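What follows is subunit A paired twice: with subunit B in the first complex and subunit C in the second.
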Partner chain A sequence: MNKVIAGKLDIKGFLFKYGFLVIMAGVVIFFSLSAPHFLSFTNFNSLIHAAAPLLVIAAGMAFIVFTGKLDISLGSIAYLSTCIGAVLMKNHGFPPSVSFVVVLLFGALLGAVNGFIVVFLKVNPLITTLGTLTAFRGIGLILTQSYEIRMPEIVRAFGTSRIGGVFMDVWLALFLLIVLNFIHRHTAFGKQVMALGNGEDVCRRLGIRVNLVMFTTFILAGFLSSIGGIMSMAQIGESTTFLGKGMEFTAVAAIVLGGISLFGGEGRILPGVLIGVLTLELIRNGLNHLGANPYLYEFVNGGIIFIAMSADALKARLRGQVILVADEDT
Partner chain B sequence: MKKLVGVLMLILIVSTGVVFAGGQQEQKDDGKFVVGVSWDEKSIPLIQAWEDYMIVEAEANGPGNGLDFEFIINVADLDPTRQAANIEDLIQQDVDVILARAKDGAAIGSSIRAAHDAGIPFIVFDRKSLTEEQGDAYVGGDGYSQGRSTAEALASMLKDKGITGQCIEVMGDLKDNNAVLRSQAVNEVAKETGAFEIVTQVPTEWDPQKFLSGITNALQAYPEADCIYLASDFAWSAVQAALETHGRYKKVGEEGHIIMASCDLFPDALVAMEGGYLDISTTWDAYLHAKALVEVLIAIGTGADLDYGEDGYLVPGRLVLPETLGAMDNIWSRDYADWTNSK
Partner chain C sequence: MRVPFLRMKEIGKRFPGVQALQDVTFDAFQGEAIALLGANGAGKSTLMNVLGGIISPDEGVIQINGKTINIKTPKDASEIGIAFVHQEMALLPTMTVMDNMFISDYPVSMKIKINRAIMRKQCSEVLDLLGCRISPENYIRDLGTGDRQMVEIGRALLGQNKIFIFDEPTSSLSKREKLNLVRVIQKLKDEGMTVIYITHFLNEVYEICERVSVLRSGQVVGGGTIEEVQMINLVRLMVGEVKIEDRGTERITSVDNPIMEVSSLTRKGVYKDINFTLHKGEILGFWGLLGSGRTEVARGVVGLDPVDSVKMKISKNGELQPATPDTVRRQIGMVTEERRVDGLFLPMSVKRNMSMANLNNLIKKNSSVIDKSKENLLCDEFVDRLNIQISDKEQIVETLSGGNQQKVILGRWLEVNPSILIMDEPTRGLDVSAKAEIARIIVRIAKEGTSIILISSEIDEMMSLCDRFLVFNKGKIIADLAYGVSEDKLVGLAAGADEVIQEGDNE
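Showing the complex of A and B:
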């Protein structure tokens, strides 16, 4: 009897651990068989290039979600911080390098604003960031008068140039993911972030500086959002009002697809964020290759997000049972 | 004591009502013709251009028709619920007419009904109501004829070259009536003329990032494509980046040039046409739209008959080719900045 349970557990446990990899593999196989130009280096290069800004922003979102919180203003932080850089370049003649440093500082500052309200004023993170989602974008619209601001050629070049055949922003995104994964897995800060997601009260009793750790995750997410914003702006070659719009929700969907639980305390930057973001981009790319009905895109995206969220909720519910059976088995 | 507080509250409420009612009446007695404008957003310069052109046209033509225009303007920041509340605010201010560019053509119907219940005429601008409530007038560009104009010029160009085009269609937001009409037009022309085939349709939801990734993917999937039809060229910078990724951002006459045909002729696209990268466009004429809008406002204000077709007051775009661009007047994407500076 125990063996039967153990057998069931193996499949369930495998799906629990690697379900998101199975989904991505399924997507790749399906589109490779259906679209002749899908499975090629050039296409995957373009695909990761398109996904690069989201990879960085989703990694920032992941750190907040690890603590059991949520920040739905990251797209607006990406927008506002890059607006400031664009205005500095266009209206005040700042060189791109200086402007981008200001963008990064502002990204961190806007993250700190969210963190301050959530951590020190004890306002619900969803309410807080729902407010700043609108407010930050509004400030950006005022700053730019809602006009698109075209980037200097050197910025455009960053968005389209390659090193070793791979787009420069892809290298940057992968480098950041590796660094963030290291921070997450191998530093005291990373471990404290995960601990927070498993229970703040316990962390307090253990002497972890809960407020400081949480505040830092908001700053980190804001900082990474501004990097994602710069990448997006460089790719398109201008600052537009669409920059970052809805990106926070795509980021949430991506991290859930990558096996990071919205309930906090579970998941990894690598491969989780990478797989989640690539799965979403693979689907969009594959539908383009298939020449799919344009009305299908939203349905497919919505369906995948729904399935991912449901799977996350199911996992959270069954986790206890699996651990229990695993204990019996051992 | 309770009674006293109650009486004071009653006096306060009644007097507040009188003050507000008196204020509204005073506004009407001023002889102003108050137009309540509900924009869905202001995130593209075209909307500011519409607004500026409209106000100047109204100031120029209102007095001659006995109308002293005043505009109350609000913006919904792309939120249909906010837009409904904004329109309700305009109704409460008892404006003489409401003009709205709907964020959601399916949601605007209830606002039209509310305005009509209050006896206020309603003009739907640029995006049609997709409900039974159509408003008193529709004013806007003719998305279908615009798309058709560009597509027919594309077909003609391809026939002259003696080739059957393999075209990528870059679509707009499929909840936007104009985007749907432009798509319908190009597909009809493709079938009627046989001059080109739509090899794939790329949906963008009007998001430049999706223009970039969509065109990049489409060129990867269909490397044989030799023409691109853009439902709008407002995201030209993203289009340029996608073409550069494939080494196909080439001028007319250069090897590898993709024939580019667009709708709207936004400022970046205008520069691209002047530089030799954009072959065909049909304008979305902000100036002519505003002019038509003021004509309808004057007709409503003076009680004149609204004389236009059953589809509304539709303003067609003008076909622009690199060789005709220089000689054309009132191209807003070229002339609006100078016009605002000279005001």
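Showing the complex of A and C:
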């Protein structure tokens, strides 16, 4: 009897750990079989290129989610901060390098605005960022008067140039993921971010500076969003009003697919974020190859978010049961 | 007279509606363990939370070696060298044992990277010291409660601490783990550390501590070296001598009118195979120390906590019939232990609080609208009957005194008029006159035919109210005694010392 339970637990444990890999493998196999040109280096290269901005923004989102919170304004931060850079370049003749530094500073600043409202004014993070989601985009639209702003040649070049056959922004995104993974796994800050996801009261009792860690996390997420925004703007070659739109939700879906729990304190940047983002991008790309209606992707994406979150909730519930069984044995 | 290493001087702390600590002076010496005793809500945890920087006192100072120090946050406390092992464990389930131990103070190399080797080494040393067989890499969520408690204790042993507060550390430990803990505490004392030990198990006091200090209702009521005070005296100090209205000998002894029968009630790891019968109009006392299972069983009966097995019968038209969840909901009222946490809707009015359990009867016929006049009428009636002191029935419950808050809860259940009413520490934190008033109400509703299960930490209250006592110890009912049993016997049984139980049985 005990053995049967143990066997069941092992399957459960395996799915807990590698479920997201199984899903990705399934997606790759399905599209490889049904779409002829899906499985090729060129396709994968352009696929991961398209995914690069999301990789960075999703990593920022992951840090917020590790603390058990959400920031749904990240796409708007990406938009507004790059708008400021675009306006500086176009209307005020700033060189791209200086403009991008300003973009990054603004990314951090906008993150700090969210952090300030959540941490010091004690507003629910979802409500806060629902507000800034709209407000930040609104400011950007005013600044640009909702015109597209074309990027100078050198910026466009960054968006399309390659190193060793792989797009430059992909290298940058991967480099950032490695750095962020290090911060998450090997620094006190990263650990305390995870601790926050276990409950703020407990953290306070343990002497963690809860407010400082939380505030820093929002700044980090804003900063990363502005990097994602720059990547996205460079790829498109201009600042468009659609930049970053809906990206926060795609980012949430991606990280949940990557095994990061929305309940906080659970999951990893590598390989979690990478796998989650790639899985979503594989599906989008695969549907394209099948010649599916482009709007179908929206539907599929929504379905995936729903399924991934149900799985997350189920996981949290089953985990409770696993502990109970362990208690019984002792 | 020696100068105490730690002196908490004239500490006072007030929470809304209750004076948690009043003029408490508490001394602790180096190389000694002092037991801090007291019933539920006596103020032990509040006092230690003051020392641990979690609560700031309204009055009083803390001195170490005669020097006044400032403790404003838990971090201040830990910098001074105060290690606090909380009763409610402060653990991070999704993280490893060593992360849990080092989370607020990681050893780092090159300013940034966490040094896992040092962590693993120190963590293993502490776990070995505690005789704990888990690995530093285990996740907390995979550990049983005993091991979790050991991690919590291990955290205190890391670093350069001088004062160790243990708040009921043994409540979830096995015998072997307990022995290891006793050994570790002995070692701490040998090294000249100061140990403050909070417990409900009095035999542990004699095993571990040199001195005791007893709190009751936020005040120091006694103390001294363990040679000076005896176990029975300790319990008496803890549970108090406040005389409240006595029902006299006019108790119910009839056993032919059962109203509820509970059998084989079990919740794994909490209580096991609980059987008892409650009779009409009876006041049945659940007696035992905190953690003995008395509250847990009561919560299990009404379904507030999940149970693993239970058979329940409730009387219907004079005959016991298997109870459905619906009957339980309709027939049993529960006054919970923490009225501010799970008893009252604090920001709502007296009226709304009182109607809350009775909404089904308050709605107008054939609609789902609340009948306001009926609601007002019932509320007025019970405010009057229970003598609740309020400005008007729209007053917000949060602003009431503890006694009046408790009466609002009683009023809520009396509106429903359940056949069984469970009351868990109904007089906790109330002043003497409010206690007496609640006691009078309890007697009155029992007389009117409601059966009552009463839980209280105060022996005199139990003695003066109950018709029968079920004594709980370690999740079991160890005795079923009718009124007339001596106070000493009840106290002895609850104290949990095995010898005492046997003495009792031999009588």
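Going forward, the second predicted complex is superposed on the first by the 319 of 330 C-alpha atoms of A that agree within 3 Å, B and C clash if a C-alpha of one lies under 4 Å from a C-alpha of the other, contacts with A are read in each partner's own complex, and residues count from 1 in each chain.
By our rule, contacts are C-beta pairs under 8 Å (C-beta built on N, C-alpha and C of every residue); 3 or more make two chains touch, one makes a residue touch a chain.
Because the structure is predicted, anything quoted here is derived from the model rather than measured.
Superposition of the two structures on subunit A shows subunit C fitting alongside subunit B with no clash. Touch criterion met: A:Leu206 reaches subunit C, while subunit B stays clear of it. A simple residue count on subunit A separates subunit B from subunit C, and the partner touching more is B.
With both structures placed on the common chain, the touch criterion links A:Lys90 to neither subunit B nor subunit C.
In the overlay built on the shared chain, the residue A:Lys191 is in contact with subunit C alone; subunit B does not reach it. Fitting both structures onto chain A leaves subunit B and subunit C with a minimum C-alpha separation of 20 Å. Shared interface residues of subunit A, touching subunit B in one complex and subunit C in the other, do not exist. Listing the residues of subunit A that touch subunit B in their complex gives 35-38, 40, 42-43, 46-47, 49-50, 134, 137-138, 141, 145-148, 150, 156, 159-160, 232, 235-238, 240-243, 245, 281, 284-285, 288-289, 291, 294-295, 297.
Residues 42-45, 48, 77, 171, 174, 199-203, 206-209, 212-214, 216-218, 220-221, 223, 235, 237-238, 240-241, 244-245, 268 of subunit B are the ones touching subunit A in the complex. Residues 186-188, 191-192, 194-195, 197-199, 202-208, 264-266, 319, 322-323, 326-328, 330 of subunit A touch subunit C in their complex. Those residues of subunit C that touch subunit A in the shared complex are 54, 73-75, 78, 86, 90-95, 99, 103-106, 108, 112-114, 141-146, 268-269.
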